[in-house]
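This report refers to the structure that appears directly beneath it.
Each chain carries a letter (A, B and C) given by its place in the written order, and its residues are counted from 1.
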Amino acid sequence: MLRTPVITLTTDFGLKDPFVGIMKGVVLGINPEAGIIDITHNIERQNILEAARVIAASSKYFPAGTINVAVVDPGVGGSRKPLLVVTKDHYFIGPDNGLFSMVYERIEPDFLKVIHLTEPKYFLPSTGSTFHGRDIFAPVAAWLSKGTDPDNFGVKLDEYIKLSITKPVLSGDTLTGEIVTVDNFGNTISNITVDELANLVPLDSRERFKVSSGSRQMTVLNYYAENDGGSLSAIINSFGQLELFVFRGSAADKFNLKTGDKITVTLV
Amino acid sequence: MLRTPVITLTTDFGLKDPFVGIMKGVVLGINPEAGIIDITHNIERQNILEAARVIAASSKYFPAGTINVAVVDPGVGGSRKPLLVVTKDHYFIGPDNGLFSMVYERIEPDFLKVIHLTEPKYFLPSTGSTFHGRDIFAPVAAWLSKGTDPDNFGVKLDEYIKLSITKPVLSGDTLTGEIVTVDNFGNTISNITVDELANLVPLDSRERFKVSSGSRQMTVLNYYAENDGGSLSAIINSFGQLELFVFRGSAADKFNLKTGDKITVTLV
Amino acid sequence: MLRTPVITLTTDFGLKDPFVGIMKGVVLGINPEAGIIDITHNIERQNILEAARVIAASSKYFPAGTINVAVVDPGVGGSRKPLLVVTKDHYFIGPDNGLFSMVYERIEPDFLKVIHLTEPKYFLPSTGSTFHGRDIFAPVAAWLSKGTDPDNFGVKLDEYIKLSITKPVLSGDTLTGEIVTVDNFGNTISNITVDELANLVPLDSRERFKVSSGSRQMTVLNYYAENDGGSLSAIINSFGQLELFVFRGSAADKFNLKTGDKITVTLV
């Protein structure tokens, strides 16, 4: 017997306040069988773009039917709409502020529709203005996990907010991207992906890539320990992204790299 | 088929040591079906009052039958008693040091009885003196989640520790409270609640409240984004508490607010 | 009906990136019934020895059949082998870099065998070189939790990496050990255990132990609150380790103690 679909949570609530625990209590009060998985609650406060990247990176590793709740929601209680986004395999629930921009970007038939959550019978009875994670998003996720039809929660929306996601630019044989994430290890991850690199040259010829960050130049290695000399190196990480790293160290700290810094790849 | 009751955990153990994981292992060794939810493990070390507020804020959002374990326990291993608190809908397990003060405050019939945990057959076999979360509270929670009668765990207690919880003071048309919590967003939350405000004037006339913090005066807004100018604002948050905030910023940092600072509400 | 075995996770991934959540998604995609418990994700980056201690301290509190996944893995993608370690009661999955050194140390028949994970049909289809937690360790744990025979995952290994674990030294009536862990409370935990102390004198005569840290001398107390005067004290903690503490304070901060500092116990 399978458990009902997994519900994931991505927020900027941090792990000190009881907000995340309370959302889980609300879910379990509606569906005691729900399985709830934390993606992260340490999104930088109000950083919608960071959350959008985390949602896009994580959702594909969850089983079909997974319900992804994301709450980074400075506009809570105002005019911004609460949403349920339906794709071929997954659901996404959260505010209409661009959190799901990278979900919308996927080519059909992955992305199917966006529903404006308007049906209060699926909300907590007394809905306040500062915590829709508890009052709207958690209960809607719980009802959805119990099998409620998505269309019951509200009305289909044709317009919703899409943030502009910076893409690498190809000019001649040079691809210019930027650092978009610094991970827990100080690895600096760019928006250059295997898809763009494969447009330059087949990836089995990756020794032909010359990667540059400021005045530093690197080749693309196959695994971290391949360069244990402490200099900056490049790798295509397991998410298919070009990443700069230092073996057993923090590239960000050691080479003063940060999000927004340019990275170029040239064919040699 | 419902899972057995949820067990929640609230501690000051932090998230680096394996203490929380070990408590969960002990629970699952006794009841493999238990569902365990973290409320927070980042209570300030030994801050019993902070934990008492977190427990009171979170427990009501969990289903009937939920077992709330709280371990902020500087007196572990000494003479302080281990407790099981029974209310109409919930259970609370932890040391007798005031952690459940706000549970005791609730009006009957919510609060029913306090049991001193004296029956060692529900403890781990070798109980040490520094980690009763593992040796007493986790196993008692697990046995309770399996249906053991509360009275089997020990004897009813008539005296137990209640911390004094500061209440707002009404003088004429002015209610004086204080900041009791600063949340992850830097919002500063007071001990003034909708109940006290409703004694001043019906809440649908909230435009008549003048809120003061030091020399700053504010009206009560309806949602955060209503004041996007960067000045300090007040709101009644979704827990029914008067809260001071700055839209997309930290009120605590920007206006140097901290717990204990006075907040007044005057009728105008 | 029991759930399938518990899977525990111990990593240095931190709680900001989605890495831990992604591993859980992979597990649930293979075994939707799996129960997953976090031990910690705040192991110091690349500190294999710290993780080895955490694994040894926590695994014994989990039920028989528990699958412990540990990922502190600077050598990921290179020549280091992925392992499944089988003991009488538990499984351990992670890289061959010494993470399981304290598991190997246990006397037979606890430790049974080490299997080199070589069978790609239990891995994610496209295995990258930077995240074997997702691509190898999580799926192997999930398949194991579903009942796959350990021998199906690969071939038995006779050589694997064991880190040297510092032991206390007995010289005459003096046992010299060192601080190996500083916990969330600033308690400083040594590698001197009840077993070594019992070799000096039966533990019911613990008043005969004189504990020294630098120029400070202490007796061994029975519980933390026994010394509320703010001076450094010793206790045998609930893991059977000799620990130095300050009641309601941080011994590490107040007395400038750190891992590697010597602790001696002399019989008086």
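Observations, loosely collected:
Throughout what follows, a residue touches a chain if its C-beta (ideal position, glycine included) is under 8 Å from a C-beta of that chain, and two chains touch if they have at least 3 such contacts.
Source: prediction; values computed, not measured.
In the contact between chain B and chain C, the residue numbers used by both copies make up under half of all numbers at that interface. The rotation relating chain A to chain B, fitted on Cα atoms, amounts to 120°, rounded to the nearest 5. The distance from the centre of chain B to the centre of chain C, each centre being the mean of the chain's C-alpha atoms, comes to 31 Å. Chain B has residues 15 in contact with two or more other chains.
Per the touch definition, chain A reaches chain B in the complex via residues 12-22, 24-26, 28-29, 32-33, 36, 45-46, 74-78, 128-131, 134-135. Considering their complex, residues 2-3, 6, 8, 10, 15, 35, 37-43, 54, 57-58, 61-63, 66, 183-185, 222-226, 235-240, 243, 247-248 of chain C touch chain B.
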